[in-house]
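Every chain is named by a letter (A, B, C and D) in the order it is written, and numbering of its residues begins at 1.
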Amino acid sequence: MARLRGDFPILDREVSGHRLTYLDSGATAQKPVCVIDAEQEFLTRSNAAVHRGAHTLAVEATDAYEAGRAALARFTGAGEDEIAWTKNATEALNVVAYGFANASAGLGGSEAARFRLGPGDSIVVTEMEHHANLVPWQQVAARTGAQLRWLPLTDDGELDLSALDETVDASTKVLAFTHVSNVLGTINDVERLVARAREVGAHTVLDACQSVPHMPVDLRSLGVDFAAFSGHKMLGPTGIGALYGRSELLNALPPVLTGGSMITTVTREGVEFMPAPQRFEAGTQPVAQVVGLAAAADYLTHIGMDRVAAHEREIAGLLVEGVQRIPGVRLLGPADPARRIGAVAFDVAGVHSHDVGQYLDAAGVEVRVGHHCAQPLHRRYGVTSSTRASAAVYTDREDVDRFLEALAGVRAFFGAAA
Amino acid sequence: MARLRGDFPILDREVSGHRLTYLDSGATAQKPVCVIDAEQEFLTRSNAAVHRGAHTLAVEATDAYEAGRAALARFTGAGEDEIAWTKNATEALNVVAYGFANASAGLGGSEAARFRLGPGDSIVVTEMEHHANLVPWQQVAARTGAQLRWLPLTDDGELDLSALDETVDASTKVLAFTHVSNVLGTINDVERLVARAREVGAHTVLDACQSVPHMPVDLRSLGVDFAAFSGHKMLGPTGIGALYGRSELLNALPPVLTGGSMITTVTREGVEFMPAPQRFEAGTQPVAQVVGLAAAADYLTHIGMDRVAAHEREIAGLLVEGVQRIPGVRLLGPADPARRIGAVAFDVAGVHSHDVGQYLDAAGVEVRVGHHCAQPLHRRYGVTSSTRASAAVYTDREDVDRFLEALAGVRAFFGAAA
Amino acid sequence: MSDLAQLYQQVILDHSRQRTGEAALLAPPAGERPEGYGSSHQVNPTCGDEITVEVFAGSAAPVRWQGEGCSISMAAASVASEILAEDGPERFRAAEEAFRALMHSRGRGTADEELLGDAAAFHGVAKFPGRIKCALLAWAAIADALAQAESTSHAEYTEGGRP
Amino acid sequence: MSDLAQLYQQVILDHSRQRTGEAALLAPPAGERPEGYGSSHQVNPTCGDEITVEVFAGSAAPVRWQGEGCSISMAAASVASEILAEDGPERFRAAEEAFRALMHSRGRGTADEELLGDAAAFHGVAKFPGRIKCALLAWAAIADALAQAESTSHAEYTEGGRP
């Protein structure tokens, strides 16, 4: 694994006079040269609008675009027509939520009746959700009158499923939850949640942002109804994400963004939409970014997602252990590296996360600070923010060592280690 | 101008054994090397999540991202907080339409009351709209009960404004229209339309997709309330577009996509949104694409938009004149190059546009065929599709000559020149 | 032969102008549809091509269609109509399957000329991924209308169009 | 001096621990607010820092605040409170303007030490674009609360806190 750092040109740079120690891959990952090259090659050879033209460039571009879809479908265990492109995971989750809202407003015909929500229905989320899989559901609840319910967390950063059967009950129409917490690193028990949702006939919406880049994921065998992930977190470009939906559901969900390339007929009176995935791809799509993302998926496949996961589990173990050894540092999330990924958040007693991050930056160590778009989670653990070191396939022991060495100096510098 | 073709690497390639004659810039433009390089440079030096981190890379990325916003604000005569990033123009137009829909559903509080629509209100569009500025309004009309009205077209491809005062009346809350038709090339009289909208208190929504890349545009002095344009049509990357809104309105419009980076506080009970433009930028944004787009705007500014427009007007003149000289070819849109841009659509008697395009492709000439996402417009002119040759700053006389020469052979080949 | 000439074989150009089966639709109202009637409307959203087909199972003139589209799609409608009218539904279905396989061969398949007749001239289309849908549109519409026609037909519609 | 030491001057670290003005808020209900009362709540959405400030125009202890944030933002609240309490609203406003200009100088401005006092120690912050908002948050909140306080105050609140 050590040799693959050379594939990531940015890792050669310096920060504050030190070797860059990039531990913010949970926010966005760095890109291997093959991803950058794939985009460039596309732009200098085949750039054209897709699904719109009959000319050679348009045909080549369409082929590249659809080959990208096939690559990502393979990578995530989905059917090709089950992957719709979005600009990021947030859009993908909003498309599902607005699909429910649009159905509830009467759009989408009888096909979409299964997505209608109203007073008496409930939507269940967890206390560890990223705002992207939370705020859209709050909004849908507000506009349809459905009730928003929460699955709570245990003190050591796991979902507390002791009251699962009461929370997810016959009223539940949607169970939206993250595969892996972007703060705690916790890997959730998808199987159990899906099983309960099926018992009561609720739709499941999986936030796969932090799983797809870090472990083998097979969406069909997970059995979820919808899922979302982002390109930029899995070594791909910014500007591209994906919505997965079981074919039957994706074809029934009312489209959200409307416009060109997603209609069959537009008259003055009305419109007919294309089947999925096209009905969710209005307007010119991020074509070069799809090409880049496919290169990223191929790169990861070439390494092997099992190896990626094993490597990151090792890094996670080093991070968790190291962080816990430093006095005054409290780990958020499970200590067992088998139950988590290498996104390791912690609280430093007496020092605000922003100051922690600034101090580490002076040592070339780039970590994320703040609420990580998970305010309810932080409130649950009695803090408003935390510091997070997060790994990717290119993270190595030296990164961990540099990070831990710098972290050990934080409290003394800020006069908190009295 | 001739020398700048060298800046576009793709123009060196061959198609069907001929020099590439790319006349599909209206669908998507080719990219100068400075745009490709800017993205690459960003990815290999400063790639990081923006507005989220305190570390050096995050600060550099945020600076680049906001500098991109400033560049596009300058380029379009907008304030910096009046430009919100979207994935394409289609999303931008949907954000406005959903903003109205969300306000009509009671979201956004009293601030948003001005956007509420209901039965008795009207939304006015034109018969030349691209589906992106049409279908979203049909959807809003369907869900709010507002009436959709149409401004018709004259036989020679202009807006027929003879009944403007009756169509846009006191009931009108939205007047959505394109600055330039992507099929006819027609440049509309924005001033007159805005003046009428103001008289009746309607909001104006300008589709600036085909104007911003081809002529100097100053959104503030045009006086429109909202506008949309796409990066990929103005020599920039795919995956990036922009919504312009007058500051006061953009801050009052309810957000559409919700999630991370657009909230100030999320509790279990509810959420508070950031002011514009951030409230419209949920989730990780197309950062590298913003950087590329800024490079494109700088490139165009360096040439000078007046010169770009003059050059393209000359090409438009050659195209219009040439097309009209060929027997059996009917021009759609105005013949006067001063009233149009260099997007020139036409119908070939007895030959379907798809066949026209295929024949031209065999000569290396890449044009767009079909309905160009403007079905009502085509129906107005008694056709279901047309062929369109469209120019950009790199289009030269040789492109025009090669195109016209090939076009002259079409009807004979298909046995239509009886 | 250039790619273009391979795509636009003379047979195709001829069929696109002299169209078998093209005729005003009868479009009987829902209550008045005869036994053995089926119809299908298909659109190619990429280019807007459309076709509406009516099939009359067991009739001597079993297909009528109206369409709007490129020469490939119009010629395909003509050729496919001819096969249904002349060879009957069994052979039509076999030909449809062979035609579909040919189109998806990326230009590497060979046409079974005996089975396909004039439709064999479409083999060049398979090299143009952007045009495959044009060639398939009418086949899909006729197959769909035929399936409906047969489901409403008491008299089994068999070989050669004779019940 | 390293950039880090320039950012975190000892004065700043001290203020972030010994905070002037930090106190439980009185938060009088809407009907019971005294004359000359103003309050403001400000959030820095990038990092979640927040501060709530109460200003009592004309009082000897004119500021109370509660906040949550990094050392820069907490120290800024302490320093700005001290200036308002000790030098009065006029000087506070002048200092606020000078402070804002300093922050936006990209590290090229020089601090007016006489006007700014301890706030001059923040000059290193201007080199860290990511931290400027932290330094400005409390100033903005106090200025806002002060403006409100003055608008509800009959007795003009003048120099040195004496009406």
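Operating definition for what follows: contacts are C-beta pairs under 8 Å (C-beta built on N, C-alpha and C of every residue); 3 or more make two chains touch, one makes a residue touch a chain.
Worth saying up front: this structure is predicted, and the values here are computed from it rather than measured.
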Chain separated most widely from chain A, comparing mean CA positions: C
Gap in Å, rounded to a whole number, between the CA centres of chain D and chain B: 46
Whole-Å separation of chain centres (CA-atom averages), chain A against chain D: 38
Distance from the mean Cα position of chain D to that of chain C, given in whole angstrom: 79
Touching two or more other chains - residue numbers and ranges from chain B: 16, 52-54, 58, 263, 265, 354, 358, 369-370, 375
Of all residues in chain D, the ones touching two or more other chains: 46-47, 128, 131
Contact graph of the chains (line, ring, star, complete, other): other
Set of all touching chain pairs, with the criterion as stated earlier: A-B, A-C, A-D, B-C, B-D
Chain D residues touching chain A - in the complex, by the definition given at the top: 2-4, 7-8, 13, 17, 46-50, 68-72, 74, 128, 131, 134
For the chain D and chain B complex, residues of the former touching the latter: 43, 45-47, 128-131
Chain D contact footprint on chain B (complex, rising order): 51-54, 58-59, 62-63, 263-265, 274, 278
Residue numbers on chain A that touch chain B, as the complex places them: 9-10, 13, 15-16, 20, 22, 24, 27-28, 30-31, 36, 39-40, 43-45, 47-49, 52-58, 87-91, 93-94, 98, 105-107, 130-136, 138-139, 142-143, 148, 150, 230, 232, 237-241, 256-261, 263, 265-268, 270-271, 282-289, 354, 357-358, 360-361, 365-370, 373, 375-376, 379
Interface residues, chain A side, partner chain D - complex: 16, 351-355, 358-359, 362, 369-371, 375, 384-385, 413-415
